[in-house]
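The first chain written gets the first letter, and so on, giving A, B, C and D; residue counts start at 1 in each chain.
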Amino acid sequence: MHGLNGSQHRREESVVIGFVGGGSRDWAEKLMNLLALTEEFGGTVRLYDLDYESARTNAELGRKIQRQEAAVGDWSYEAVETLEAALDGADFVVCSTQDPPSETFAHDLDVPQEYGLHQTVGDTVGPGGTFRALRSIPQYREIAAAVREHCPDAWVFNFTNPMTVCTRTLYEEYPDINAVGICHEVYHVQEWLADLAAEHLDIDEPAYEEVDVTVKGVNHFTWIDEATLGGRDLFEAVDAELATRDPPSYEPGDPAIADMSVYGTNHEVTLDLYRRYGILPAAGDRHLVEFVPWYLDPVEAPADIHRWGIKLTPSSHRVESWPEAMAEREAILSGEEPVDISHPGEEMVDLMTALLGHGAVKTNVNVPNQGQCPDLPEGAVVETNALLTEDSLTPLTAGTLPAPVRSLVETHVTNQETLVEAGFAGDLDLAFRAFRNEPLVTLDPADIEALFADLVEAERDYLDAYDIAGADVLH
Amino acid sequence: MHGLNGSQHRREESVVIGFVGGGSRDWAEKLMNLLALTEEFGGTVRLYDLDYESARTNAELGRKIQRQEAAVGDWSYEAVETLEAALDGADFVVCSTQDPPSETFAHDLDVPQEYGLHQTVGDTVGPGGTFRALRSIPQYREIAAAVREHCPDAWVFNFTNPMTVCTRTLYEEYPDINAVGICHEVYHVQEWLADLAAEHLDIDEPAYEEVDVTVKGVNHFTWIDEATLGGRDLFEAVDAELATRDPPSYEPGDPAIADMSVYGTNHEVTLDLYRRYGILPAAGDRHLVEFVPWYLDPVEAPADIHRWGIKLTPSSHRVESWPEAMAEREAILSGEEPVDISHPGEEMVDLMTALLGHGAVKTNVNVPNQGQCPDLPEGAVVETNALLTEDSLTPLTAGTLPAPVRSLVETHVTNQETLVEAGFAGDLDLAFRAFRNEPLVTLDPADIEALFADLVEAERDYLDAYDIAGADVLH
Amino acid sequence: MHGLNGSQHRREESVVIGFVGGGSRDWAEKLMNLLALTEEFGGTVRLYDLDYESARTNAELGRKIQRQEAAVGDWSYEAVETLEAALDGADFVVCSTQDPPSETFAHDLDVPQEYGLHQTVGDTVGPGGTFRALRSIPQYREIAAAVREHCPDAWVFNFTNPMTVCTRTLYEEYPDINAVGICHEVYHVQEWLADLAAEHLDIDEPAYEEVDVTVKGVNHFTWIDEATLGGRDLFEAVDAELATRDPPSYEPGDPAIADMSVYGTNHEVTLDLYRRYGILPAAGDRHLVEFVPWYLDPVEAPADIHRWGIKLTPSSHRVESWPEAMAEREAILSGEEPVDISHPGEEMVDLMTALLGHGAVKTNVNVPNQGQCPDLPEGAVVETNALLTEDSLTPLTAGTLPAPVRSLVETHVTNQETLVEAGFAGDLDLAFRAFRNEPLVTLDPADIEALFADLVEAERDYLDAYDIAGADVLH
Amino acid sequence: MHGLNGSQHRREESVVIGFVGGGSRDWAEKLMNLLALTEEFGGTVRLYDLDYESARTNAELGRKIQRQEAAVGDWSYEAVETLEAALDGADFVVCSTQDPPSETFAHDLDVPQEYGLHQTVGDTVGPGGTFRALRSIPQYREIAAAVREHCPDAWVFNFTNPMTVCTRTLYEEYPDINAVGICHEVYHVQEWLADLAAEHLDIDEPAYEEVDVTVKGVNHFTWIDEATLGGRDLFEAVDAELATRDPPSYEPGDPAIADMSVYGTNHEVTLDLYRRYGILPAAGDRHLVEFVPWYLDPVEAPADIHRWGIKLTPSSHRVESWPEAMAEREAILSGEEPVDISHPGEEMVDLMTALLGHGAVKTNVNVPNQGQCPDLPEGAVVETNALLTEDSLTPLTAGTLPAPVRSLVETHVTNQETLVEAGFAGDLDLAFRAFRNEPLVTLDPADIEALFADLVEAERDYLDAYDIAGADVLH
């Protein structure tokens, strides 16, 4: 037996966190709030960003948060000018990076639309996910190499999409890295299951952490084959919910759609897939529809997508949310807006707490497959539960998937592995083989080629690690 | 070393061949012609068919062939009324069966067309292949059980499509069966390579047997990663051919299309896939396009398919060819038409000759995977080369496929394995999981369900081994 | 995240424990003591034994323990006369069975000694382990069948050796069983590591639960490739210990040997294997030496074994300890001896507590391989850590073994799998293939056969599930 | 179908053979005789040897052979002074090398005898095989590197033991090499089976090539699970032979032993293993006994080994046969002895003939596992049948081994892979892990270490690629 309540003998030290992408408009603030609320440990956060100004602003925000009464943790913040300065001797490295949306993400979404391909998210798979992967691989190689040099034993938390490819890149470059990809998508499914339990099984308002799920697959396309609460099977609640639903036919004007954020979901695709395969997808509908050809393929107009109770996230939303977040941050710093220290519903600091020896945590993580998914390729990054204890993260075995589902998942594993290989080799012809094999890309062969070429052209400035001149597919 | 030129000690006996589907309009005549031209051995052929009259007519035709001067083999023919009578003590069992096209195959093609899904063949994968599989599995279980009882050591040659599923069913029912699925698709690719060698490499008219290819994959979706002639790499000839071609844009009226049989090919899809993956598909274009989503999916009208230099095989062709063949056979028997004993370009009797100990043969066969395709699941029926010697058939190792191609192939392996499981269990919900996972079936989810239900309804009389009432997908 | 501190929504019920081998002289008393000390839950224990009288005596002892002041748990005890009565509706089934040593275990040890084969334990592998396995398989099939019928969802805890074979048999008979093999061998290694940490790393008296180890292999031949305490690497302590040791050459009269229990160990074999392979064996030396040929093979007299600081456990010890334990129990019941409720250092009730939802436990268990040992065969029973939460036991991935060690382990996996196959088929020729492949059995071939025959003869009454008359090896 | 009778389009060229170890006393003469008898092709043989004089003498012998009337092939011979000169542009490379026996092989045999370990051959596994492997790995790396540079497409035939390790080294150094390990051990088993067929099945004097066997395993420890002749099962003949035999108890003076060459066998071990496992070993008894612990372990004096109808090959035989062969060659060159051109019963030129396109050959070869042995590790060198055609060698799938036999084989696969890893790293501690895991090495742990150190000391001059000073096991 090994105690899970934390060690008497843990090392008590001041913790150093290096934040890569420290100008982040979202994850940085979440982290700073969480740290402010943490009593178990304190230390220093070093914020590094290509946009130094943005990192500096975040440092200022961090210090402002620390000055609030609600802030119990003891943390200092500094913006640094080099990756090395952020990482040197760090205990944790947090990665949350993004290229300027107007020069990248906007193209990822808009160029395929010209060919009739609509993407609900576009950051994981499909044309957008593929190009985001191609852009990220050289960046994450660089981060991994810097970790190897400056903080080889640090725990590296990645929040950047495409989660699987970025995390896989870290391990490909530096196989001994302690990296883990962290995503909240499964928590939301646990929350939904908790709601269903309350509604259909007459259980009093359970917290999402009480819902125990066996997760497996790849990020944003994970599957749950067992969900329980207090030993009770929650698939009963899902079945009960399914029985209340009509075939989905939402209209754009329906309130369930009209008032919904672009990040919202009505779980219709989830339930459709559950009904087909007897196993529950563990991601929002807007992600799920990008992994299979059936929901987005026959779309003639974006409105059709609404039928499934989901919305497209338009590129304008991506482009505009960037300065909006900036403005909001400025407003807080200037005192125009109040500082709000609330728990953002994220688990990253819980994971740090566990790794520092203050008690175990079980949660879903993205790490290379070492048996947790015995029917997926060894070494590919998969998402399953893991147990985190002092300085240790161990995946839990998750068992196999039903064969037809495994086949759907493995298509993406192959594409992701192929992209990493292409990214390390700078080989766009190899990348195109993955692109063409994306379930969303069911265009005529000549159009697939043209779309790929258009995307390369639009994002050429971000692809300088690739041999564009030598790519057959472009000529 | 083991001699490949035939044994001095082979058993010399009169051979018994049981033909299941002995009323066949095509393979029976081919077999009878080949046997008439064979000097190494003789014996008896027993023709069994649900349509006894057709078997009786074939027996008569067989005897007429034997009476020709060109017939050097010594063979007798008889029509029998039961499967048992055909198989009892047989040395070889030949399977070539087909349900009445107007009641089955026609629906396989026409019902999906109502949903916009056009199939160029429809007998292997896609909606048509799936339903043909569902109809065949119970029939091939019955044949395997009869072999186990009446001729457990016989060599069973299957010619029926879907080749993979039928052959897999034989092994699932009777694991010790000596069954082999035989298909001429690869020979045609060897012929084409021989032509290209003559044209581009200045080699004198090679015979197709001189072309050595390393084949792997599943039937009608096999791939060649090495092709040589006299030690010379034939991919040079393919590259040379590719250089002569423009992007395909055949018009329906083009002579290359207009005068072409529905079985014809202009190798455009083959070359397109070769260009993408660096490995050569080893089947006709009309088969290949059904295994991937790109060529048939965006079709708005059947004519679009012509662009790739291929034709749809309309259901009317299937329905009409049946009585035409009947009539032709009658004309020969009545003396109206002459008997023409010519070599049909098939290898089945060469395989028999090898198995009887008259010298070795190397050719492509469909048998369960025992290592010949190490990156495909063990036990699934795969197509690779094998060596046939006296009473022995041994697959040759074929090595692995490039990852993106393996991913395409494995989708079909999973579907085929799922269909066999569904067929043995009579489970249409499980069958639907395979159906939905077919790359051609990229319809809206509700339409996929409706199409499946329509096909079940149309072919209900041929699906009595399935639990239609209990299938969730139909209700 | 899923909370590990126990559920708010767990089912609160009175627990039923069926004890198979309830007349047990050792595990029954341990269980009763542990339950008496447990506050979280209470219930009923039903004791079943072929020797009903012994079960009845234990029930009386259980009730006496409950009457002690220190007993905080609320438990009732009853002896039952059938397996069905013990299992019907049980929440937990505890298995601890043993055939009469004088008729079985004594032969397991003494007959091989006539051939020069000395066994230090003889209950897991080697000649003794093999025959114990053959006797146990039919018994554990019967238990599994009864569980399937009377309490299909119960958690079954097995304590009987050979641990791997008994647990594997339960799953082979009833694949959906919730069975787990539990062994304390690893705890003792954790204790030793805690001692070494105190001694060499200057850490204050750590509890064994603070030592975190990554365990993998098969029961009694598991290996640790990572051991930490508070994030500190304990292999440093092992290295330090190794540096203090001379090459082992204990004499029978040395106090370290002379005063040591037959169950004692001086860790010399452990350290020898650690030095060779760089990975730490996680079992007592007396077990380890039976898994490899080097330590027991060249023995000319039992005294030689002492050189390694270990003792043989003579058959007389096994035979005599049986009535001694009986007498001791009687003395307690009669009041001659006081009842001593102390914690026996076992974890079984901690596991129950976790499975009932009162907080998670991480410990080493024996269950079928589903990826936790990716380099050992799927389905074989392996020992690794697992996480136990409410109604759930999930193995943690343990990673691979160094190739030479894996080779040593896999020999035993093959033997164990072969024995289970032989036991289900009643096939002694197949059993002999495993027997002959035991590393300890390096006799001349004719002697191996004679030894096997002698053991069958000696234990014939316990082998009636086997086809003795039809075994080639015996004739 | 691909024709097996040879190509019409093969390249007709003069062939260049580079012979590494061209001073060889055995294989060089065999090759020269075979070439002299070959009509299909001619060319040049370049003999390279560290002992240049010996190569020169062989060249002279080759020319003398060519001058005989019986010599139909057209060949010229030359001794060359560098590896490069031998290999530059070669079509075939033949490797048959040996260190001076008195400085190496003699120690391999004699040093272990001092510890009671008797080896019947000592060139494949056991202490002798291990040290021969350690000496060979650096040499075969060098050869592979030279092939890569000077004749990257050549076919490399290896005849040197340890066959598996030498061939594996070639592939480890140069993965694209066309190397094949060739051994006659299986032919002798085919001959024996032919004899048994004649004796027990009343078949007229079959040639060994008529016996068809399915071979699998590692060199000198291969197994046959199917043997046929003219479709007839030859295990019937083996069973009949077994029935005639008494338990083996040969005395040193028995004629079957006394007059037998040290290379002879009475097949007693073969039959003993066949009886145990139902599958036939395919190597001489003198090899087989070194792969398992039962036959040589309990030997108290060399004479005991005779009981199994085999002899030790004493080191003196190895040392003396070297100058004897030299003298014999001199006698032929001086005209004292006649030149005898007879077929040596080896197949190497048949393999060349096939690879040059003159007709297919099926025979047993040693190449990396790519599915031919699906239950052995991928990439390890295994021995199975292969089909050789023009410029192509393809292993035939051989299926799985019975689990207990597979376990015996896999122990050696692990050792061999470990040795190659140790050889490339120069790591004697890793090599010792393999040494200690040899089934023959069942000494007391301290003696195993001492024996290893003694062997390193004795052969230190041949181990300069290893880090002797840094090896823990030696200090």
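Assorted remarks:
The rule is simple: a contact is a pair of C-beta atoms (placed from the backbone, for glycine too) under 8 Å apart; a residue touches a chain by one contact, two chains touch by 3 or more.
Please read these numbers as outputs of a predicted model, since none were measured by experiment.
Shared contact partners of chain A and chain C do not exist in this assembly. At the far end from chain C, in terms of centres built from Cα atoms, lies B. Centroids built from CA atoms put chain D at 46 Å from chain C. With centres set at the average Cα position, the gap from chain B to chain C is 56 Å.
In chain B, no residue reaches two or more other chains under the touch definition.
Two chains count as a pair here when they touch; such pairs are A-B, A-C, B-D, C-D. The touching residues of chain A, counted against chain C in their complex, run 1-4, 7-11, 187, 190, 203-204, 206-214, 228-232, 347, 350, 357, 359-363, 370-374, 378, 385, 387, 389-392, 394-399. Every residue of chain A that touches chain B in the complex is listed here, in rising order: 247, 272, 275-277, 293-295, 297-298, 402-404, 406-408, 410-411, 414-415, 417-418, 432-434, 436-437, 439, 442-448, 472.
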